[in-house]
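Down below is the structure, laid out as structure tokens.
Labels run A, B, C and D following the written order; every chain starts at residue 1.
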Amino acid sequence: MSTSRKKSAATKKTPAPRPAAKSTATKPSAPAVKASIQTIGLEEIKSLIALVGREPFQEFEFEAGDMRFRIRKDGPAPVFQAPAAAPIVMAAPAPSPAHHIPSVPAAPQAPADEPGIHYVTSPIVGTFYRSSNPTATPFTSPGDFVKPGQTLCIIEAMKLMNEIESDVAGEVVKVLVENGTPVEYGERLFAVRIG
Amino acid sequence: MGAIKRKATPAPAAHIDAPPFKKVLIANRGEIALRVILACKEMGIQTVAVYSEADRNALHVRFADEEVCIGPAPSSKSYLNIPQVIAAAEVTGAEAIHPGYGFLSENAHFVEVCLACGITFIGPSAEIIRRMGNKAQAKATMLEAGVPLMPGSDGLVETVEEALVVAEQIGYPVIVKASAGGGGRGMRICNNAEELPDLYNTARTEAKGAFGDDSVYMEKYLLEPRHIEVQIMGDLFGNVVHLGERECSIQRRHQKLIEESPSAVLTPELRQRICDTAVRAAKAVGYYNAGTIEFLLDKRGDFFFMEMNTRVQVEHPVTELVTGIDIVKEQLRIAAGQKLSFTQAQVVQKGHAIECRINAEDPYKFTPSPGRISALHFPGGPGIRVDTAMHQDAVIPPHYDSMVAKLIAYGADRSEAIARMRRALDTLVIEGIKTTAPLHRRIMDHPDFISGAFSTKWMETFMEEMKHNPAGDPR
Amino acid sequence: MGAIKRKATPAPAAHIDAPPFKKVLIANRGEIALRVILACKEMGIQTVAVYSEADRNALHVRFADEEVCIGPAPSSKSYLNIPQVIAAAEVTGAEAIHPGYGFLSENAHFVEVCLACGITFIGPSAEIIRRMGNKAQAKATMLEAGVPLMPGSDGLVETVEEALVVAEQIGYPVIVKASAGGGGRGMRICNNAEELPDLYNTARTEAKGAFGDDSVYMEKYLLEPRHIEVQIMGDLFGNVVHLGERECSIQRRHQKLIEESPSAVLTPELRQRICDTAVRAAKAVGYYNAGTIEFLLDKRGDFFFMEMNTRVQVEHPVTELVTGIDIVKEQLRIAAGQKLSFTQAQVVQKGHAIECRINAEDPYKFTPSPGRISALHFPGGPGIRVDTAMHQDAVIPPHYDSMVAKLIAYGADRSEAIARMRRALDTLVIEGIKTTAPLHRRIMDHPDFISGAFSTKWMETFMEEMKHNPAGDPR
Amino acid sequence: MSTSRKKSAATKKTPAPRPAAKSTATKPSAPAVKASIQTIGLEEIKSLIALVGREPFQEFEFEAGDMRFRIRKDGPAPVFQAPAAAPIVMAAPAPSPAHHIPSVPAAPQAPADEPGIHYVTSPIVGTFYRSSNPTATPFTSPGDFVKPGQTLCIIEAMKLMNEIESDVAGEVVKVLVENGTPVEYGERLFAVRIG
């Protein structure tokens, strides 16, 4: 699963910034239930635990206000062959000019790109989060300078948190997706002025 | 690149029955993705299309309510990429996934992932798919259910003496096959006991050379079998009915080219027997969803189980036309836990339907012909159904299969269906790429096709004929 | 300009019945010309297209075996030019002429010219056309055959006293009509005897002013009648059968927009009574060929003869879909002197079909929108039939009628047919011109249409609704 | 009937050659059967006569080798209201440049026209004959100079012989249609070098 996502390393031919895939043991929290549940009692937690027990989840994290809990099951491994214990960290795909990958048609609706601006696009489908949990500060914001390999955001898919790293060095000039909204493959996430 | 779009959809009208699902994701592309979208639209179900970067302008994307790009052009990175498909269902809130045919449709693992993620897979259980996908296990199940299997050796045949005994039991001609084999190598057809020892030894020697393994097994060899398959449908309440048979003998290298229903050669008694057997086979595995049991039929009216397909078939429209039953809508109802909407007694085969698969290929060499369709006109009028996702100026990407359209002709009888298929092919215009339409047009005029005298071997002899008469292209 | 071309056509295959004609000329254009060509192709009949200079690139020209340019764009100089049409049949050796609908199809003089030139006219005799084309004569014939006519005055109504007597006889409401009238002028609807004298006099005054003639007659006035017509077919041996009814009440200024079969409101008994009456009407004139008897049906289940059309009807496909009978092929057989290929008992209405006429018009203002079609995609899949002669990059000339396609949806019941029509309209793409498709899409969602509660007056109130809710376009 | 064919006079607006319709009492013979029947006996002639008698023909001419015969019936007049006794003489349509009759699209297959060359086109559908009868000399041949109103050929339609006149003055450079073949409306018959 992770290899198929490391698009930039495999397809790039020019000596462009080449982010390395890295592994990390730190697990970003699952997106919190950000509803109005501000307080929760023991009975509620028990019922949540029972619910999670019945569901075929490997892991469950919950956070509300100050509270945070996490359930992890040691049942049969999940049927899909993904490293379930650790979040997957992946690089954003490198810019792929049309002459490099001719099989991918240029997106006809893409506006004319500003010179010097690189777009970090989503390598997967999922829900976009700017920070590791709702109370944390965003990984990056406009005006920040980022370097290759630096985590820019998290995309949640199939209950897994995937850290998306920058594939270039430069200044973040715009965050193109709202926090908590779905993104599709190839969707532009950040505009970065290279340099 | 665009964000995931939600299109305005008219509010469901009052008279429609409550849709079986609110939102369904279609994990496929091309005509079958569009076919499922049409069924969903008719039922008031919202649709989510997934697509690769090569399919950005495809019609299944245009006509779905929502669309999610799931990866680059290669199938392995998009349509076969399970995490991406599941994530697309999650972010759009789709309750169920229709897999179409091909891609993930018979992938038991994918079915399990759907289950684990709380998404309904529109198809049978992973267990059924595994069981019918494993050849040995499928055969054992069929044997138990009293479904006739191709007579053959019980496992490997170790010596000439054993080969002679087996051949005597199952009757000549027999075929000796390398158990590691494929592509015709390590394979010998024997007509009698005299030639068996030599051919048996040659097969082993060839198998050794080709695969490094000289183990062989034996089966009865049918000279000119017909491919007859039965459409069945089952629900979660144990109801299984058949929707009659399809004749799919016009095939090339196991790729079906033309399918029809009913078969021109089945007597009512034989039809009854084959269809009943198929229902028995499906019941034996507790089957639900649409499924197809494929048989080989020999000249004496004996038929033998080949395999079961646990998904909607490319050729399902011919059955829909003769029975009036919408197979895809029924799949959706079944997956939502509804009972079959009809009984066996309500299934009536009326008229005759023929399907020609129009592929983007050289009609005589079968080399793929991807490219841009510069002009397009699909035939219409009475008795013609076209299932396609093509449009003028569409570009056929080289990454996927080459089928551009299914042309289906319906008539009161086989003769009218053939006549309509002819004029449909005569009024089909596809410019910019080569297609197999001229080949189909010739087959429609061939005396063997017209009389129904063909087997799965027929295309070979027909292609030979074509070599000697290449100019006879009727277009 | 090109010479008359003869295209290569495949030799007729052995199994086809001897075609009723060797070569037929189609004296029409557009979708109906193509429809007839398709029927001929299915029967192994060679086809000759005639065309005006505006139709040089039309599909009926492309798909015919031979083509003859017969004049410049205006119909009067081409499609209505009898000597040119006949000469085209002569130089190509066509034995018969199919007139389609409109143009020369109900021109008795043309039928006589065909006869004199030894060409078979595919339709009834000139005498039958004349008899049914003359309103007074048609009514007299129907009266004699016991077909109910709209109650009314026996000729002109000269005085208020006479008007009161007539109204009493036929029952209120009644309508006073200027005998020279048209367009609603000199026309008054009266609900009771009190208001009759004033309205009678106003009608006469208005008629005098508008037409210089104050003579008026009276008829029963139906408040919300339905347009129900019956498809009949007769042969030269005196056999006449009906193919059930069509509901055509969705019309605007007597132009039908949507037709369906069966009607949602006929009880089996009423259906039987109307269809039997239509057969009796056709037998009364010794009718042969396809024909349609149009009735107005009131709320109490009384129906009244309106007129007979002595040709194939635009909306014939809905009947073809529910009966499985190919009306155009049957026309060809009948004209060749063959007996009807089916009996009344063999005609079974099964399922439900709806036709939407897609016109090149503004969907709300109905102003014509000729032009070039820049992008085109017709819906396909189960239950959809498209009758059209359009293609991408086609130019719709301003000289002829504005219909670009007939979209016909078939389903097991009315609800499925509506659902299929909706998704067909949702997946129809016609760019470059305006069409009435969005209007149809709205009608398909309207509670009145869904419940079947509409009359010939319904479109008026619907258009009023639209004025107040123009934004609700579902596309 | 004849009025609808006088296209040039009705549609032309510029003072171009305007041929007048003329009537003639001479009736050109019907086209001969030009097959390989070189000799024919009395029985054959009788059978032909019988055949013609059954058919709704007004007139029939036959020619083979030296033999030639002609049948003319005085049966009921044809039902259409055309002057049956006399052939209709009509003018060829005048050249109609696109700006004069914009409703007629330019024929896309027409080759680029040579300057100075005018094409006489057929105003009707029918069978083209270069002479008044098979033994007569053609009305015109390449090299001939013609003037407006001069008969160039005959087109037979509905058993009537229609004389087609030139609408220009000039030299006939080519006859574009074979004798005895069908022509359609607007089909080019003669190329005339104007002058």
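As a working rule, a contact is a pair of C-beta atoms (placed from the backbone, for glycine too) under 8 Å apart; a residue touches a chain by one contact, two chains touch by 3 or more.
Every value quoted in this text rests on a predicted model; they were computed, and no experiment measured them.
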(Q) Please tell me the distance, in whole Å, between the geometric centres of chain A and chain B computed from their C-alpha atoms. (A) 39
Q | Inter-centroid spacing, chain D versus chain A (mean Cα positions, whole Å) | A | 82
Q) CA centre of chain A versus CA centre of chain C: separation in Å? A) 62
Q. Where does chain B touch two or more other chains at once, residue-wise?
A. none
Q: Would you mind listing the residues of chain D that make contact with two or more other chains?
A: none
Q | Chain contact topology (line, ring, star, complete or other) | A | line
Q: Check the chains against each other and report every pair that touches.
A: A-B, B-C, C-D
Q. Which residues, counting only chain B, touch chain A once they are in their complex?
A. 1-4, 53-54, 56-57, 68-73, 76-78, 81-84, 86-88, 90-92, 109, 112-113, 115-118, 395, 397-399
Q: Note which residues of chain B are touching chain C in the complex, please.
A: 8, 10-11, 13-16, 34-35, 38, 41-44, 59, 63, 317, 320-321, 324, 326, 350-351, 375-388, 391-393, 412, 415-416, 418-420, 422-423, 426-427, 429, 441, 444-445, 447, 450-451, 474
Q.
Could you list, by residue number, the parts of chain D that touch chain C in their complex?
A. 1, 4, 7, 55-56, 78-80, 82, 101, 103-105, 107-110, 121, 124-127, 157-158, 177, 181-188
